[in-house]
Amino acid sequence: MDKRLASLAEAVSRIPDGATVMIGGFGGSGAPIELIHALIDHGAKHLTVVNNNAGNGHVGLAALIEQGQVDKLICSFPRSADPVVFTEAYRAGSIELELVPQGTLAERIRAGGAGIPAFYTPTSYGTDLAKGKPVAEFDGRSYVQERWLKADFALIKAETGDPHGNLTYRMAARNFNPIMATAAAVTIAQVTRVVERGGIDPEQVVTPGIFVDHVVEVAAPAQEEALNRAEVVYP
Amino acid sequence: MDKRLASLAEAVSRIPDGATVMIGGFGGSGAPIELIHALIDHGAKHLTVVNNNAGNGHVGLAALIEQGQVDKLICSFPRSADPVVFTEAYRAGSIELELVPQGTLAERIRAGGAGIPAFYTPTSYGTDLAKGKPVAEFDGRSYVQERWLKADFALIKAETGDPHGNLTYRMAARNFNPIMATAAAVTIAQVTRVVERGGIDPEQVVTPGIFVDHVVEVAAPAQEEALNRAEVVYP
Amino acid sequence: MSDIQDIKLSNAQIAWRAAQDIEDGAYVNLGIGFPEMVARFQPEGRQAIFHTENGVLDFGKAPAPGEEDWDCINAGKKAITIKPGTAFFHHADSFAMVRGGHLDVAILGAYEVAQSGDLANWSTGKGGVPAVGGAMDLVHGARRVAVLTDHVTKKGEPKLVAECTLPLTGVGCVTRVYTSLAVVDIEDGKFILREKVPAISLEDLQAVTGAPLHVEGEIGDLIAPEELA
Amino acid sequence: MSDIQDIKLSNAQIAWRAAQDIEDGAYVNLGIGFPEMVARFQPEGRQAIFHTENGVLDFGKAPAPGEEDWDCINAGKKAITIKPGTAFFHHADSFAMVRGGHLDVAILGAYEVAQSGDLANWSTGKGGVPAVGGAMDLVHGARRVAVLTDHVTKKGEPKLVAECTLPLTGVGCVTRVYTSLAVVDIEDGKFILREKVPAISLEDLQAVTGAPLHVEGEIGDLIAPEELA
C-alpha cells in the first residue's frame, strides 16, 4: 500500500460539483494553499466548504470563493485582514454562511470523525446561534444539542507524511487539520516532506494513516501571509 | 510554578474517603502501580474507581480492591489472567460493578474532560447495557445517550514530565492515561523521568500541562506483569 | 448425513478462509482469541494493517519469549512489537477509529448470530462476572463485521439462528459469517449461503442451521488448505 | 460631576488592573485586541500561562518584525514565539481545554454586560458579516470570565446594563468587570461594586451605570500606574 500521489491535480481530480470539502488551517497557518489552487484549476463548483475563516486576499480559500466555486461556507470567523472577496459575495447573496462557534465547529468535526452523531455543549446556549436547536438540562445546567459534521473530502496540510499516511504537523499549523482528516470520506494531505515508512517515530505520529487516503508532497509550500503581502492573485 | 512533588505519599495524601478516582492503564501497561500502592498506604476507603479492568494478581488495582478500599468499579473488562480478587469481592457482593463498553468508557471520560455533558453513540444500542438510557434516532439510525464521566482524582503514569506538567507516554502505555488526565479535578502523574522545562519538544507533548496538577518521579516503575510473574502481594 | 466432525474446517482453516477476503491495505481489527489467527494467513502480496483497541495501529508480530516489552501489548494483553509505520494513540482516538467507521473489517467470535445480523458474543447470560471490552463498539464501527465460528455448538445446536437467545452485543451488525461448514452473508434480514464444504449437502447444512439459508446464484466450494488443520 | 474623560483609566490601565488579579501559574485566555494587553502587566514574580484557541499553550512574546514564522500565530493571527514549556495541540483538544473548565480565567471585551452576567460582545446586530470565533466557547468554559471595557460607550451610554439589548454571547457567564471607572463583580444577578476611581462619587458612577451598583463592605480605590496611560 502506498498512498502517495505524484500530482496535486490527480489528488483533487475526483472532487465533484456539489461536494462538501473541509479545508484545514486557521487563517493562513496550516492552510493547504497548493491543494486549494489545484481545486480551483480542477474547477468543481457548488461546493460547501468548512473552514474556520473565509479567506484572505485573493489566494487560497478567498480565490476559491472569488472563482464562484463555493455555494456555502461553514465557519466561525469570516473576517481577516483583507476579507473583501467573501464580504462582497456575502453581500451579493451569492454565498450562504453557516456561522458556528469555533469550539463547536471543532467538536462537530471531531464528532463526525468519531461516530458521534450528536452531543450537548454549553456553548451558544441562549444566543441567536442556538435558535432552532434542541436544548436539554443536565445537572441543573442548560445545553444545546449539536450535530456531527462530515465531509466528502478534506484538504489538509501537514509537515511530514509517510506512504501509509501517518502525519505530523508544524507548530500552530496543526489546528483543524488533524480533526478534519478524521471526518471526511476522502482525506488528501499535502505534506512538506515525504519520509519512508518508519520515518516518523510511532510516539510522534499525530494523525495515524487510517485517516488519510492520499499524500502529495509540496516541498516548499506557500504561506498565505507571504502571498498576500506580495499581493498575489490566483489564478 | 512547579508541579513536582517529592513523594508519592504527599501526592495522594489529599484523596478523601468516598472519592471517585480514575486510574490509568490497560491491564498492566500504563498502570501507575506506585501511585496505587501509595493510595493503599494512605488508606482512603469507599472509593469509586474508574479503570478499564479490575486488576490482576495481588498488586496495583487488585491490591486496592483486596484491601477493601473500593466500593464501586466502573470498567469494561473485569477479567484478567488472575482476576481472583475482584471476582471474590464481586461474588461476595462487597463491590459494585458498572460495566461500560470500552469505547463508551473512553468517550465518556473524554467528554468529562471536554465539557460535553452527554453524547450519542451507536454502541450498546439494543443491548442490556443500554437499559434505562435515552435513545434517539439521527438520520434513520438509533443511538444511545451516554453521560460524561468525571473524577475527583486521576492517577496516571507517563514517561517524561516537566515541571509544568507536560507529559509524554511510552508505547501502548498511553491508553487511558491522557484522557483521564483531562477528566479529573486533580490529576497526579507518576513519571519515569522528570525533565526541565523545554525538555519536551512542543510538537511531542501528548498531555499539555494544563491537565496535570502534580508530577512525581518514579524512576524505575514496576510492571504489573513482572510483579505477578514473581507472585508479589502488596502490601 | 456424514459426521460433521469429519468434514468441518478447523479454526485455523476458518481463519484462513476469512483472511482471503481481506484486501491489501485494509484496516482490520481482530477479536481476542480465535480471530487473532487470521493475521497468520494473509495471502502473499497483500498486507493488512492491524488495529488494536488499546491504541496501536500497524503493529508487528509477537516478540520471542523473554523479549516482551509489557508496555507494548494488544487488546488481549499479549506482547506485540512495533515495525516501520506503527502509530500509538490514546483510547478515545482509538475508538474514534472504531466508532467513526474507519476500519474496513472487524472480525469477531460469536455465541449466536441471527439472520437479522444480531450478534451475541459477550455474555452467556449465566451470571458470573460480566465483561464486555470493546466488542459492542467494534460491531457498530467497522464497515464489515465478520464472525468466525463453529457452525454448531459443542452440543450440536445451531449457532446461526432465527433470533438470538443470549444477551446481544449488537443489533443488525454482522455482514458475513465464516463457519466450520459455510460462508454465509447476511442481507436484508436473511442468511445468504455463499459457500459450503463440498462434503455436506444443502439439506444437511440447513438441518444444522437455525434459520433458512437462501441461495442466490452459485454456491461455491469452501475448501481450505489441509496443512493448516 | 467631573468629566469622565479626565478621570477614567486608559485601556492599558484597565488591563494593568485585571493583570493584578491573575495568580502565579494561572491558565489564561486573552481575547483578541484590548484584552491582549493584560499579558504585558503581569506582576513581578508571577507567571501566568497563556492559552490561545488555535492550539498553543504557554507561548512566548511577539517576534521582532521580520522574524515572524506564520505557522506560529495566536488566535488574533498575530505572530508569537515558542519558549521552554510550549505545547501544540489540535483544535478539538484546544476547546476541550476551554469548554472543559481547565482555564482559570478568560478575559474578553464587551459591548454590553448585564447584571445577570449576560454578555454581548460578538454582534452589533446591525447586519454586515457576522463573525463569532471562540467567544461563545470561552464564556462557558473558564472558571472566571472577566470583561475589560470602557464604563460607557462613545456616546456616553452605560455598557453595564440591566439587560443586554444586543445579541448575546453567553447567558449568566461574566463574573467580574474591569471598567475605566470601576471593578464590579457579578453575583446572584447583581452588580457588586468592589472598586472605583477615587475622583468619581458613588452617585456619579451610578448615574453612568445601567443597573443598580450594590455595595457590600468597603469600596476600594481603583488606582493604576500613571505611566501606563
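In this document, chain identifiers A, B, C and D correspond to the written order of the chains, with residue numbering beginning at 1 in each.
Keep in mind that, in the parts below, a contact is a pair of C-beta atoms (placed from the backbone, for glycine too) under 8 Å apart; a residue touches a chain by one contact, two chains touch by 3 or more.
Bear in mind the structure is a predicted one, so any value in this text is a computation, not a measurement.
Trainee: Once the contact rule is applied, which chains count as partners of both subunit B and subunit C?
Mentor: A
Trainee: What whole-Å value do you get for the distance between subunit A and subunit C if each is reduced to the mean of its CA atoms?
Mentor: 36
Trainee: Quick one: subunit C and subunit D, Cα centre-to-centre, how many Å?
Mentor: Their C-alpha centroids are separated by 57 Å.
Trainee: Taking the mean of the C-alpha atoms as each chain's centre, how many Å separate subunit A from subunit B?
Mentor: Subunit A and subunit B have C-alpha centres separated by 34 Å.
Trainee: Quick one: which residues in subunit A touch 2 or more of the other chains?
Mentor: Each of 107, 110, 114-116, 121-122, 169-171, 202-203 in subunit A touches at least two other chains.
Trainee: At which residue positions does subunit C touch at least two other chains?
Mentor: 82, 88-89, 92, 95, 98-99, 140-141 - these are the residues of subunit C that touch more than one other chain.
Trainee: Considering every pair of chains, which are in touch?
Mentor: Listed in label order, the chain pairs in contact are A-B, A-C, A-D, B-C, B-D.
Trainee: Quick one: in the complex, what on subunit A touches subunit D?
Mentor: Touching subunit D: residues 26-30, 52, 76-81, 83, 86-87, 90, 97, 99-107, 109-110, 121-129, 169-179, 206, 223-226 of subunit A.
Trainee: Which stretch or stretches of subunit B touch subunit D in the complex?
Mentor: 1, 110, 112-116, 162, 164, 166, 182, 196-200, 202-203, 205, 208-211
Trainee: Going by the contact rule set out above, which residues of subunit A touch subunit B in the complex?
Mentor: Touching subunit B from subunit A are residues 107, 111, 114-122, 136, 138-139, 141, 143, 147, 168-171, 202-204.
Trainee: Can you list the residues on subunit D that touch subunit B in the complex?
Mentor: Touching subunit B from subunit D are residues 24-25, 27, 47, 49, 51, 57-58, 82-89, 92-93, 95-103, 140-141.
Trainee: For subunit D, which residues count as touching subunit A in their complex?
Mentor: 52-56, 68-74, 77, 80, 82, 88-92, 94-95, 98-99, 118, 123, 129-137, 140-141, 167-171
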